[in-house]
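What follows is one structure encoded as structure tokens, with my remarks underneath.
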Amino acid sequence: MPVNEEARVGFYICHCGHNIANMVDVTAVAEYAAKLPNVVLSRDYKYMCSDPGQEMIAKDVEVFKLNRIVVASCSPLLHENTFRTATSKAGINQFYFQMVNIRENASWVHEDKEMATLKAKDLVRAAISRVVFHKALEKKKVPVNPDVLIVGGGISGISAALTIANAGKKVYLVEKEPTIGGYMAKFDKTFPTLDCAACILTPKMSAVLKHPGITLLSYSEVSAVDGYVGNYHVKVTRKPRYIIEEKCVGCFACIDACIFKEAKFSDEFNEGLSKRKPVYIPFPQATPQVVLIDDKTCIHFKTGKCPQTCAKACDRNAFDFDQKPVVQELEVGTILLCTGFQPFDAARAPYYGYGRYSNVYTSLEVERLVNASGPTGGHVVLRDKSKPKSIGIIHCVGSRDEKTNKWCSRVCCMYSLKLAHLLKEHTDAEIYNFYIDMRTPGKGYEEFYDKLLNEGVHFIRGRVAEVSDWAINDHEKGKLVIRVEDTLIGMVRRIPVDMVVLAVGIEPGKDAQDIRRMFNISCSNEGFFLERHPKLAPVETFTDGIYIAGACQGPRDIPDSVAQAGAAAAQALALIDSGFVELEPNTAFITEELCCGCQVCINMCPYHAITFDDGKGKSHINEALCKGCGTCVAACGSGAITQNLFEDQQILSEIYGLLVE
Amino acid sequence: MPLTEQTKQDWSPRIVAFFCNWCTYTASDLAGVSRLRYAPSTRVIRVMCSGRIDPEFVIEAFTQGADGVLIGGCHPGDCHYSEGNYKCLRRYHLLQRVIAQMGIDQRRLRLEWISASEGKRLQEVVNEMTETLRQLGPSTIREVVQTVIK
Amino acid sequence: MNASSSEILTQGLTVKLEADLDKNFGETIAREAHGEKLFGCIQCGNCSAACPLSVWMDYTPRKVIAMVRAGFKQEVLSNRTVWLCASCYQCTVECPKGIKITDVMYALKREAIENKIYPKNFPVPILARTFYSEVKRTGRINEIFLLTNYYLRYNIFKMLGYASLGVRLFMKRRLSLFEKGMTNRKEFRSMLNQ
Amino acid sequence: MKYLYYPGCSLKSSGKHYEISLLAVLQKLGIEVEELENWNCCGATNYMSINENYALEITARNLGIAEKQGGDEVIVPCAACFMGFLKTQKYMESESGIRDRVNQILNHSGLSYNGKVQIRHPLDLLVNQLGADALTRTVEMPLKDLKVASYYGCQLIRPYATFDDQWNPHTMDDIARAMGATPVDWPLKSRCCSGSMTSTMTDIGLRMNYVILKEAKSRGADVIITACPLCQFNLECFQGKISRKLKDDVRIPVMYFTQLMGLAMGIPAKKLGLKQMLSPSLVLN
């Protein structure tokens, strides 16, 4: 094992209060480290990340002429930057630093203090053995493209887009549906204030459309992402509407003129409760106000034999039946993902009879039923046009269940209360809420619950076991019977109702996994996007320059989504306004003298960063393209490739240090 | 050195664990934050990508006395660098043959895909592997190599 | 005689003193039922509502779980509730927390038998025990012997109500005294005695 | 392919007509079965209530015999036995302590169970393997205009749903349809029949059977078909008593699905055990 005589290592071990000191004998480790080769100084300290801790390093560097720093504390993913900065402030290159993780990797996961201390010693020895081979490096600064891409035009995406555009930045807002607005556009009222969703949302939607700083790409999907923080190249596929967006003024003359006199296809916006034509607009306030043609139901696309009455009715010649998907390329510096959620599919809870009994509805369907612009004009009537006299609202459908979704969906209690209120208002029916726990934390939420309790809505604490049409007396005949234990009374009850509303939970979107892969971020176990830190970095991801907001990160209501969108916008703006990003200098380079020209490395690189110089017969790495994975280094048979920060010698010393006392 | 039943209980194997920065290292942080207890056998070396793991590192770890080597990377299709984990997988299969020829039990080298959210999986893998190594006893390859060198 | 305060205060049926609980009961049952997550129960009552027999139980299944984990050993084991469980597994497949409630009921039945505190002269455990010894004796169940022995142990007069049904089944050859049994009963018995 | 066959105690006595009709139908379909040698009772729910170790051991013994006798699949027609077999298999698969202990005991009898034998219910075999179309082709007298309520009971699909939809079982309905009959959709198709409670808590047992019979009748069913000897026994043999006691005529033919199949397939009534039934049984003209 080669040694570096000039290295003077200062070693510090952090107590982290009791977090480390309780399970690792920090003084013993400090004493042990003091005797290791190259170590000039070894200290333990309560909180190394505190100001005094950092200042201590600076003072010691000066007094003891240290030129290498090792800190044993928490995970480098948390505080590596803190200590690199401290090292740099002390006057030595920040990469003469190595961090040892004895908290997440030792004290928090072990129970035997002796073994944990032994492990800490091994890890410290490895770091000291490694750090003597560290080299001075500089971080590369690259400018940040100030343009921002926002994916998803629900309330989160809309809020973030307006905030960023108002700060004078250019925003591209990509929405896969023909209109922005997301799920909020389908709601009638919002809890707990009961203000009309459309009244507060539609002004925001038109503000997006009118804003000179926002380019709205509706009916479009991101199809490829490349690049890195500050410099992302994005491909957006614009799906064909068969209407030239710029020409359409939203007069809807074409819809009236459609060869289908009657609307006969399921209307997605109304959750299938009404019908639409093949040429349609999702809802009157859709943004942009542009119609589109559904090529799966349009006679022209199915048979080619339609007289095209729609196109003839258009006095602006906006129709183009030959439209094809178009790929648009964008250059942006930061990306916000606001891709939202999907509601739990009620058919996955067969014991509640959705799809089997026509009077079982999902909450989203009921949102449309109570909506004045909905399929029934706001009249709550069942599919047989009768008015329900009794309604059961079942909470936690799909949520808090190990067989479907384990988590609490957070919004269902409140929206169920809201729907109870609205249904009561619309029908004056007897309303029953079936809940496991009532969860109303939020400003004005508990007060709303209290209001409902006093409105004569019934609350039964118990998870409904079954909804069926099994009647055991005349009272139950022709009704849906809800079977539940009233757990506060301790008796099983059978409650016959005319209508059942299933409060379906929130789950990750169908395409969450595809989006995650495309943007190179992670999902937590249940499939929501993973934040960088659950408390301290809730809108950041592990990929720099990519932020998340809204229900794509976890179940969340409108106020929280808007707040989070603001936070994500602020993070993006902070990065843009700093003007540049510093890149980790962990790129690889080729030592030409050693390269034998075998070109094995070239196929290893997923970024095409390695090229072969035919003249010299050597390979070459384009540093700007290299992302620092090190795969080529491991593949090089002649040892010609070096990865900064992860040199062979550094890693081998680490291995040696780990194992050999 | 064959172990008696008693020392088998007390003896803790040393596993050199190469974890990729984006998935498995993050998972081990998550295990820590979630306070999931596992055997104190692993010694983690962080690399940016499992594709960086040179077969030489693994051989070196064994010849320097590691009782086991654990490699952790992102799930197939999830690699932060697109496909470094596939390169790692290829090298792993090769390594399995090499260590077998060296007389090292193949169970001493393990490759696992553990994503950033799978702290629990990390706990399981470490505990399982520790148990396997306890059954196998300490690796003797270091002594063998040293004798050969002499 | 002086009544102690605790005697006075516990005369009603609504009071239970901590000292009278068996604090390990919940864990014992959870272990017996193969590590069932009894303590994860959120008391939602789905099991009670799903149970076709809960209407005849003294405690609903949800309440049984609450009582078990709180340590109401005597009350739960001496009560007929657990013996009304017909093992239809409806609660088990519906439980949102994945608790195998039927297996918990089995564990409680076994615990009651072991502690000999099941309800006395209650037919269900008697049939279970008769069935148990019949199989042990011959390896298979002959319904005539099973039911005769059961009524002998339980209440021979109750058998009269079934006499005509028995005769009709006998005439239809659906009950027989001479059904071919196992040939190596001894070996079978010795297996159960290990 | 040879199938092993475990009848269980009921199919040799009160459920004799299940065995008779099942074997007749299988024979007609060209499926050969070989009865397990020297099998023993599966222990039903009672062994689980008294001693779990014994419960697992005696069932494992049958499985061990099946493995020894050779053959990959054992047909278990009784729902209680079927579930008990599955339960033992799952426990031995997932808990190595149980697996080792049980096998140690089986070893004394020269047996062991290693999870090789697959446990199958006749419904699984007929619907999922042969398929409804193949069954239809064997029909000689389609059961036209016959409304059939399939009654699945509990343990056929709970807690393990190995071959049918746990929430909306359909295999018996598929068979009824294949035989030309019309299945009745009803909500109690897998509600418990009370098991042996008709002999212990008679009053409760009879009431539980009453609601099932009542609902099947009120949905317009002509016949109830079952796949479990205890369900069939309860619904058939007590329906007279129930009707008298609760003053409501809920009498309705209750047959095994195999008897219904046999009728449609033109198997003579004698070979379907129809004569051994107490309730009005269905004889086609």
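All chains are identified by letter, namely A, B, C and D, in their written order; residue positions are counted from 1 within each chain.
By definition in this document, a contact is a pair of C-beta atoms (placed from the backbone, for glycine too) under 8 Å apart; a residue touches a chain by one contact, two chains touch by 3 or more.
None of these values were measured; they are calculated from a predicted model.
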Pair exhibiting more inter-chain C-beta contacts, A-D or C-D: C-D
Centroid spacing, where centroids are CA-atom means, of chain A and chain D in whole angstrom: 50
Where chain C and chain D are represented by their mean Cα positions, the distance between them in whole Å: 24
Whole-Å gap separating chain A and chain B, where each centre is the average of the chain's CA atoms: 31
Two or more partner chains touched - positions in chain C: 90
Residues of chain B engaged with two or more neighbouring chains: none
Chain A, residues touching no fewer than two other chains: 351
Touch relationships between chains, expressed as pairs: A-B, A-C, A-D, C-D
Residues of chain B that touch chain A when the two form their complex: 12, 14, 16, 21-23, 25-26, 28-29, 31-33, 35-38, 40, 42-49, 51-57, 60-61, 64-66, 77-78, 80-84, 87, 91, 115-118, 123
List of chain A residues in touch with chain C within their complex: 351, 396, 400-403, 436-437, 461-466, 483-487, 490-493
Complex contacts: residues of chain D adjacent to chain A: 167-168, 186-188, 211, 215
Residues of chain D that touch chain C when the two form their complex: 9-10, 12-17, 38-41, 43-52, 54, 57-58, 61, 91, 95, 105-106, 108-109, 153-155, 158-159, 166, 190-192, 194-197, 199-202, 204, 208, 237, 241, 275-278
Chain D-facing residues of chain A, complex: 350-351, 468-470, 472
